[in-house]
């Protein structure tokens, strides 16, 4: 069973107020049970989901089941890779321009593969001519840098991936 | 099991107020449990109330699972009971008025419980001042008469139920 | 006003009529085939009755079933819409014989205008300009057609005497084509209308299709509501219509309008109708035929005149006098209608299926007449016209920009539609300059195919290098 | 024209502006909060940028985030829509300081008209009639309010000096009510606007809310586009608006229109704006306030004048001269707007949820401005206005019948809406006779509750027999 099929089933559960769903056929078996008092539950889930472009894009792919599937225009939200267990996004706390270094001449704050300490500056988001240093919220290993130097980024956009450790 | 089959089942659960549904056949097994007193419960109720959409959605299991659930107006197509195994409908071959007897003075052609032969006249549909005798297509026992004398009927509308035999 | 009106149609026009009924407090009685049980017109009507199986001959063309429905369910009037029985004199007559008001002209008007050679004769006599063509009752044999073609000179248009909707119509450019196409057109006519009678018309190159909307009461008052330019056609089927005609002048409108009114007056016509003309590049115009029903494209006239044509047709069918004088008809701004077909925009083959992700455009100056909703299955049995997008604005240029925005906003998944074709037309310089004739679309598409072919050759070459 | 416009709003007005951009070939840059990631305005825009979390203060009211988005993503103009930052002088100023065109008036106009006592003083000086009320800069203490009320005579209306949207507004009918309600209104004002300054106005019974739409360029030309009657309100929130005002005469329109134009001229106003008046039963009228932005109900004016207000506002923000002279503004027919709120029609509590079975009405004279689609989750965080149904027809009676049909056709499941309330209003004899004032809805609903209560008593009695 593919992820989008499960997503479609979950959407149905939410829309029809199901608490439990079990399907067994030649392709296999699925059992989904939702927490009681689900009204708040799915609210929280859907409020948590929107953060990253990845979720948004995936939702778009799965959506034909429930309503408008994708954008009506050609607008394309930034896509981000799915997270492996133990990995965490560094997300942009504001809209602005992403810079990897303190100045054009300076070295980048970090490179992929570096170890980072909690509180270490990782990048800069320029917004309204203000340079905002973004610091690591956890220590660990910097797995990937997701944005190009000088790229516009939106609120909540994943900038980097850190493996906690 | 396809998504749209599940949707159809869910629509039925909602329309008939089922809280749990379990089906096991050669294609596989499905079990659906709805949250008690879920928020969507009264949504379903309120959707059914103002427009009596439920009647229509229930009558047509074929009514689109996604999309417009019921009529926009108050039109109510005739609902028919589900058929038991071995039972067959006598359907109206045309739009017209249903009569149980050849004339107002005459006895009805048939009564519930009667045995009927193939080819035996069962009722009359008047259309364009023409009296059209409707004959039994199979022999058996007349289980139920679904229409009132003098009632308008549409094309394909179930008029009676015969148990083949 | 009527109490209950049977809508003897489906799709967009059935919905249009049901909406008009709701506004006038008339109960709308829909009919449907088994293939249409989930159709929007069924869901919107006050009552809906299944009248037969999917095949149109057994349902929407089934006169006894429809009359029986009207009588059994207590309707006092019948609206035929467009297509199906709308130009069937027998149906109009059957309705009236059964004591039902028929929203349309008399049976004899329908029959008269349905006999194209006869309509041509009457118009000629009334002084309405008619294209040179076959005289008398038409021709059935190639030999006769060859004689007429010799007199008219090529190219000629071969038409079915009982024709309509572009069926049985072909352009022949020489004797050889005539021999081939006459047989083909006659076979089409026989299949579609059960008639082998054809006629020939001189084929005008670079002419526009310009038609006038007529309103006539049963007291011999006739007015016109201006014209529509319907030159954007594929195989004589309209695709995009606009009002006013972009090359129309006040003087020409008066002249053509007078001819259109004359065409209706001379036969004592009543209710709504459309007089179709070819407008040549030299400003001369010629009667083609008269449609004795509401047209698909009536909406553009409604937008620029502010007059509700369906409402007027209901009042006229009641026997009311015309509410308007000719001078009260004022053209305000411009409007275009985009017919949305469930078809492949490249192959033009029908594309039935289940609609999903449906989002119709809205906002200022945007009118949608649609039979769609999410989950609706577009059936295979009927015309692929599933919606009409009608756009109104202050002038033609503003209509074009608004229409582009609306078409871009229009979302329909699950089926293919011709929305991309409309968007391409709205980019075409000749269209934007309003320099086009009835051959616009075939030229445009040929050019498109040529460009594609050239592109393919180029790509093949590049790959071979 | 602008190259890229940032739409600093959400919902119906964001969609309205995006559509206008598309027509004008301006790239539309939407902003959204995390709660709106699936909103229609996000899907329709050419680009969309998430600017913050669900709470409006952190997203749609977050000036730095919005300006930063405009600069980072290369917009050259900002449209504030209505609500949110649309009447925030700091925002207009911040836009202009950052080199962005702000589609609206200057910051000083916004601030001036936002200070209600000050606006009253200016209007009085300019000879625009103003209701008797508190003089000077307003009052903050009950003691002062009591003095003013003594001078004015009861009933009086307590208003917030920085007010808007009905917040901090209460009618006091005697000293006791004044004591209680003044404190309440002041608390509301403090919560909503951070200001304890209030003012009192003489409360006019049976007055209508009649507002004039203004268009002004930056070259000191001002015209009005006729009036709207917005008397159908609940707690000073508009529910249903119409144009023209059904009791308006040509002479009164000229007089009030002149006063409205004067109100704009006297402050050197530019762009779109609305001058609100109370129209008393005796034909006298009084300035209430001026809204320095596009209104929710601008659509009814567009329908009856044929003028695209958003398009005009964009041209005016570019510095263009007014395209129209006053005499070119002609009122054609009548229009009503029905605000569709996601709310319980009985309790008026918001009703968020997931939209299903959505079917918006269409057809002649029906315009829908909607943020809905099947599967859309109406968020809890914002105003419950989810759609606007705007109906246009030849006269008020025809608007009513068309609107009834359209409202009956409107389907939205999954959430509750006030569509039933609109349908009830359209049955109300006083509404149909156009005999109503701003207290219509509260009387109507009190009457409804009384009838229900009587019915319940009756039912209980019958059951007891």
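Residue numbering begins at 1 within each chain, and the chains themselves are lettered A, B, C and D in the order written.
Throughout what follows, contacts are C-beta pairs under 8 Å (C-beta built on N, C-alpha and C of every residue); 3 or more make two chains touch, one makes a residue touch a chain.
Note that this is a predicted model, so its numbers are computed, not measured.
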Legend entry - Those chains which touch chain D and also touch chain B: A, C
Inset, instruction - Write down the chain pair with more C-beta contact pairs when A-D is set against A-C. - result: A-D
Inset, instruction - Please report how many Å separate the Cα centroid of chain A from that of chain D, as a whole number. - result: 37
Legend entry - Distance between chain centroids, defined by C-alpha means - chain A, chain B (Å): 49
Legend entry - Cα-centroid distance, chain C relative to chain D, in whole angstrom: 42
Inset, instruction - Go ahead and note the Å separation of the Cα centroids belonging to chain A and chain C. - result: 52
Legend entry - Residue list for chain D, restricted to those that touch at least two other chains: 44, 356, 359, 373-374, 408-409, 414
Inset, instruction - Name the residues of chain B that each touch 2 or more other chains. - result: 39, 66-68, 70, 72-73
Inset, instruction - Report the topology of the inter-chain touch graph, choosing from line, ring, star, complete and other. - result: complete
Legend entry - Sites on chain C touched by chain A in the complex: 356-357, 359, 374, 408-409, 411, 413
Inset, instruction - Over in the complex, which chain D residues touch chain C? Could you list them? - result: 15-16, 19, 22-25, 44, 299, 302, 306, 308, 332-333, 358-370, 373-374, 394, 398, 401-402, 404-405, 408-409
Inset, instruction - Show which residues of chain D lie in contact with chain A when the two form their complex. - result: 28, 30, 34-35, 37-38, 40, 42-54, 59, 64-65, 67-69, 71-73, 98, 354-356, 373-377, 414
Legend entry - Residues on chain B engaged by chain D in the complex (per definition of touch): 39, 43, 46-47, 50, 66-70, 72-73
Inset, instruction - Give every residue of chain A touching chain B within the complex, in rising order. - result: 5, 8-9, 12, 15-26, 34, 36, 38-39, 65-66
